[in-house]
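First chain A sits with chain B, and in the next complex the same chain sits with chain C.
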Partner chain A sequence: MAQFQLSGVRKSFDRTHVLKGIDLHIAEGEFISLVGPSGCGKSTLLRIIAGLEDQSEGSVRIGGDVVDGVRPADRNLAMVFQSYALYPHLTVYNNIAVPLRMRRLSTLQRAAVLRWLIPGTRETEDRIRSDVEDVAKLLGLKDLLQRKPAQLSGGQRQRVAVGRAIVREPRAFLLDEPLSNLDAKLRVHMRTEIAQLHRRLGATFIYVTHDQAEAMTMSDRIAVMMDGNIIQIGSPDDVYDDPQDLRVAEFIGSPKINILDGGVIDEARGLVFGSSRFAATFLERPGTSVRIGVRPEALRLANAENAPFSGRLAHKENLGAEVLLHVEIPDQRAAVIVRFDHGGAREISIGDAVGLTCSPEDLRIFGASGERIKAEVEARKVAHG
Partner chain B sequence: MNARICSPWEILRHAVLLTVAAIVLLPFIWMIVTSLKPQSEIFLSEIRWWPEQLHVVENYTKAFERAPLVRYLLNGVIVTVLIFALQALIALPAAYALAKLRFWGRDAVFAMVLFCILIPAQAIAVPVFLLFHHAGILDTYAALIVPFTISAFGIFLMRQFFLTVPDDLVDAARMDGISEFGIVWRVMLPTAIPALTAFGVFSIVAHWNDYFWPLIAVNSQELFTPPVGVATFRNEEAGTDYGPLMAAATVIIAPLIIAFLLAQRRFIEGITFSGMK
Partner chain C sequence: MADVALAREIDANIAQGARPHVRLRRRRMMSMTAAVLLAPALVLMALLLIGPVLAVLLMSFTDYQLGAPTWSLVGLENYIELYGDRVFWTSLTNTLLYVAIVVPSSIALGLGLALLIESGSTLRAFYRSIFFIPVMATLIAMAISWEYMLHPQFGLINLMLKEIGLPAQAWLSDPVLALPTIAAIGIWQLFGFNMVLFLAGIVSIPSHLYEAAVMDGARSAWSRFWLVTWPMLGPVTVFVAVISAIRSFQVFDTVHVLTKGGPSKATEVLLYSMYSEGFEFFRSGLAAAIAVVFLCFVLLLTIIKARLIEKKVHYS
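For the complex of A and B:
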């Protein structure tokens, strides 16, 4: 169990800067996700924490000690890889036993043909056997112990990789997209299993993923990474409700947040969109043009004549538990998506005129360079004129 | 595709392949047939594919009596096995470093390895001979083995194979606490068995059949490898006695053929690199 402190971590490969100054504190026992699009440097950051890669600048502390230059094995962390990285020539049993053997047996006890003659080998191997069997039971691998990785399904391999990680009770677990090679159904199931495993072990988990749903469902905190920077850290609710950056707002949440161009801050610090006005107080100079973000579930139907947003229904997605309306609004780049619970919006059909509205506190306003513009949340009335 | 239908093109293809196979195999078959014939049938003007009078026992006992063939075979085994073992001992760590470690000058080192593949053994025979003369190891097993212990081709071949091993596997081993040398022997080697077998066949065949270097490096008959041994057999003893000579030649080739048949499946696997993943 350990806490982590990263200060000013930078990494360049030749001329390309992959990490541009990462500061991150991870508390003991926390489940933190590093989430961001492919190529933003998540794996590189995780590998630096693991010791598989050296940072160009900055330092990493684990449990208070600076670990720069400490070998991966001596950091006592366990890692689960996207490709599982099981030893193809070893059985499941031996795959899980390797980290224990490396730690508990001497070189002679591991290598020599006559290793059984060396005192203690048998006792240690017996303890290893019982530890491996405990883990196998926990993960439901008992019947597979004598198989080779090639004889396992993707889900089973994934479990073996997890088993190899937890068997030696490391200080923390590093997981690099451990679910992305699984099919969709299994992925959803494994989310729950990993979250439960975290609760049971109480260890620190650092979880890398490009899938925001995984990050949202499992984490205590989410660190959103873009282009080598962490641009926001917070609980899943924080990151969802209060994105500090347009890129965070667009990355987190599915279906994606709706972004509408053409908002302007007026003299009274309200937001004007077309002929409508939202009487909130935004902390920005009058005349600034802004982009309006609003989540699909925050929109409600309104009279098409005088609603702030109005357009035509282009498509209707019925997902059973929810219904998604795609509404095309003139002069906007993408259709606005509106989410209803089961049975909602039955009466509207394709081509109908649709009016949409929302409360001012559900608006997320972003400046030209994507920065969030905060509102003083006093006003609540939608005025129009 | 239906294999039963023989189009003209297919017949032509097979004819060409059979002709080429025959050109390669005929001398070999002739060697075996000759080793079965009495002297009187060897120098006939007509081609006789099967002797009227079998002289198997006579030819083969003569071969074993006139020269220490068993000794030559034993030397062949000692030399080829040790060469291959040392080649593997050096090539595997070197290939691992070139494929999986990042260090300054790696590409230059690899370029040098490629360059070394281009150097023919004959070109450096004289300097090596002089070197061994000064080191005082001419006419020993060491002289037969040492020049071949570093195989640039082996390093190249294993490196290419190691490139196909996922980096994650190496990183997982590091996380588990396996040392870099441990990774070579406990992780890379087991995954590379097909490639190593392929290299082993190349290496063993080349050095079992090598005539040039053993001829230069050793003088004592006890150290002769099979090809050198059989060659002297001809010069000194047999003269025109081709029956026993061909019997001896058959005997020294037999171990290779048997070894190849045993390793055949793996050998083909290794060449096609169908390794893992």
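For the complex of A and C:
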């Protein structure tokens, strides 16, 4: 187990800057997710931590030691690859045993023919066997130990890859989109399993994913990456409730946050949208035009005549446990989505005029370049907190 | 797919109670089409492959002599003669010895060079071409330049040996050295080909396997080779071994140019025996029998390859 400290990590391939200065502290035993759209540099960052790639600038410390230039095998980290990277010629048993054999047996003891003649080989192999069997039992792989990877389903291969990582005691686990090759149902199931595994092992997990739902459901903290920068880092609730950037707000949460153009800050620092005014005090110059973000579950129905947001119902998605209304508001780029619990909004049908409102504290206001504009209440909270 | 559709159509016709002669005509047309499409390939195969092999097999049971007006069947007499012929056994042993030297060496050399070229970062294309030159060169011409290089007095190799204080050798006229020397030329001619095949094999190994190996603690290139490279090259290696073995069995040009099977039969090999029986002593029947023995070895190798590739070294 170990903590990680990344300082000013940059990476360029030829002339493209993939990582543009990453500072990140990861605590011991923490489950942290690096989440962001594909191509934003998540895998590259993970590979730099693993030592599979060298950073162009900056440094990585693991457990207090600078590991720059330390080879991957000597960093004692375990990695689960997106493609699983199982050895196709080895059985499940041997795949899981590889990390133990590499560390516990000498080169001669691994040689094919004469290995059994060297003292200690048999005892070590016996210990390896019991360790591999423990892991197989934990992951439900006991009946598959003699199969080759080609004879396994995607989910089983994924388990073998996890087994190969947890069979020894590495300082941390690095997982690069381990669930993205599974079908939707299995993916949801494996989220729980991996989270439970983390609790059971108590080890540091660094988890890369482009799926915000995975990050939200499993992590202690989420680092949201865009274009080679970490633009926000915090607990799932933090990142969801208090996005520091429009891109974070739009990336985290499903259905996506509603973004409405056309808000203006007035003389009294309130927010004006059309003919309505929200009475919160925003810390921004009067006259600034802003974009208004509001989560689908924060919106409530109101009288269409005088509601701040009004439009027509274009579509209704009934998902069983929840109902999503798509309300088209004039002059807005996308339909506003409103979320109701099961049975909500029964009386509204397609084409009806719909009025929507929300409390001022549920508004997330963003400036022209996507930066968050704070409300005074929040600012005070921050100042006291 | 097309014939499935056609079959369905025929079934439909039957179901509708189509008149039987319509059905028959259709079926005949179908097999006619198949025959026409197959014909060129069949004719070529019969003409170029099966025909000659059958002719050789037949000839090996006769006492035919090249140019002779008559011949008669002699049964297994040619084979019996071979069985009792010391020179034939020498020739077979020499051929097997040659294969046993050339195949492992050219594989090891080809694989080693492929690994070196692949691990280096510059001049890959250059090395690839350089080492591939012997494969493309005409062996007869190359054999002649080897003859100059191996000349006991003026040859480059002996001059170099003298320069560093080692005794000169009679490479091609010493019965102990002659076969290994021919084998060395065989290796030189073959390893570039094997190297190219191994290079293709190495390139197709997914890089994430090496990364997994490194994360799993395979610190040295040596352990990564045994954990990933060697097993992943299994199919390529079997293929390379069989192709190399077949090509080594065919050793002839160098022997013909450099030693003519000598000194005292030290480099007598199967194809050279066949050549001298057939075209120097004109005993075509006997030469055909040697050719059949040769074909049996090649067939055996092909079967081994097919079996191995099907069974053991396929991982998917």
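Rule of thumb we're sticking to: the second predicted complex is superposed on the first by the 376 of 385 C-alpha atoms of A that agree within 3 Å, B and C clash if a C-alpha of one lies under 4 Å from a C-alpha of the other, contacts with A are read in each partner's own complex, and residues count from 1 in each chain.
Methods note: a residue touches a chain if its C-beta (ideal position, glycine included) is under 8 Å from a C-beta of that chain, and two chains touch if they have at least 3 such contacts.
On a predicted model such as this, the values are computed, not experimentally measured, just so you know.
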Combined model on chain A where chain B meets chain C, clash or fit: clash
First, second, both or neither for A:102, with chain B first and chain C second: both
Chain B versus chain C as contact partner of A:73, first or second or both or neither: both
Partner chain(s) touched by A:318 [first = chain B, second = chain C, both, neither]: neither
Touched partner set for A:148, first chain B, second chain C, both or neither: second
Partner chain in contact with A:81 - chain B first, chain C second, else both or neither: both
Contacts of A:289 with chain B and chain C, given as first, second, both or neither: neither
Chain B versus chain C as contact partner of A:192, first or second or both or neither: neither
On chain A, positions contacted by chain B and by chain C: 50, 52, 71-73, 77-79, 81, 83, 85-89, 98-99, 102-103, 164
Residues on chain B engaged by chain A in the complex (per definition of touch): 166, 168-169, 171-178, 187, 190-191, 276
For the chain A and chain C complex, residues of the former touching the latter: 50, 52, 71-74, 77-79, 81, 83, 85-90, 98-99, 102-103, 107, 110, 148, 150, 164
Of all residues in chain A, those that touch chain B in their complex: 47, 50, 52, 71-73, 77-79, 81-89, 98-99, 102-103, 164
Touch list for chain C against partner chain A, complex: 206, 208-209, 211-220, 222-223, 226-228, 231-232, 234, 315-316
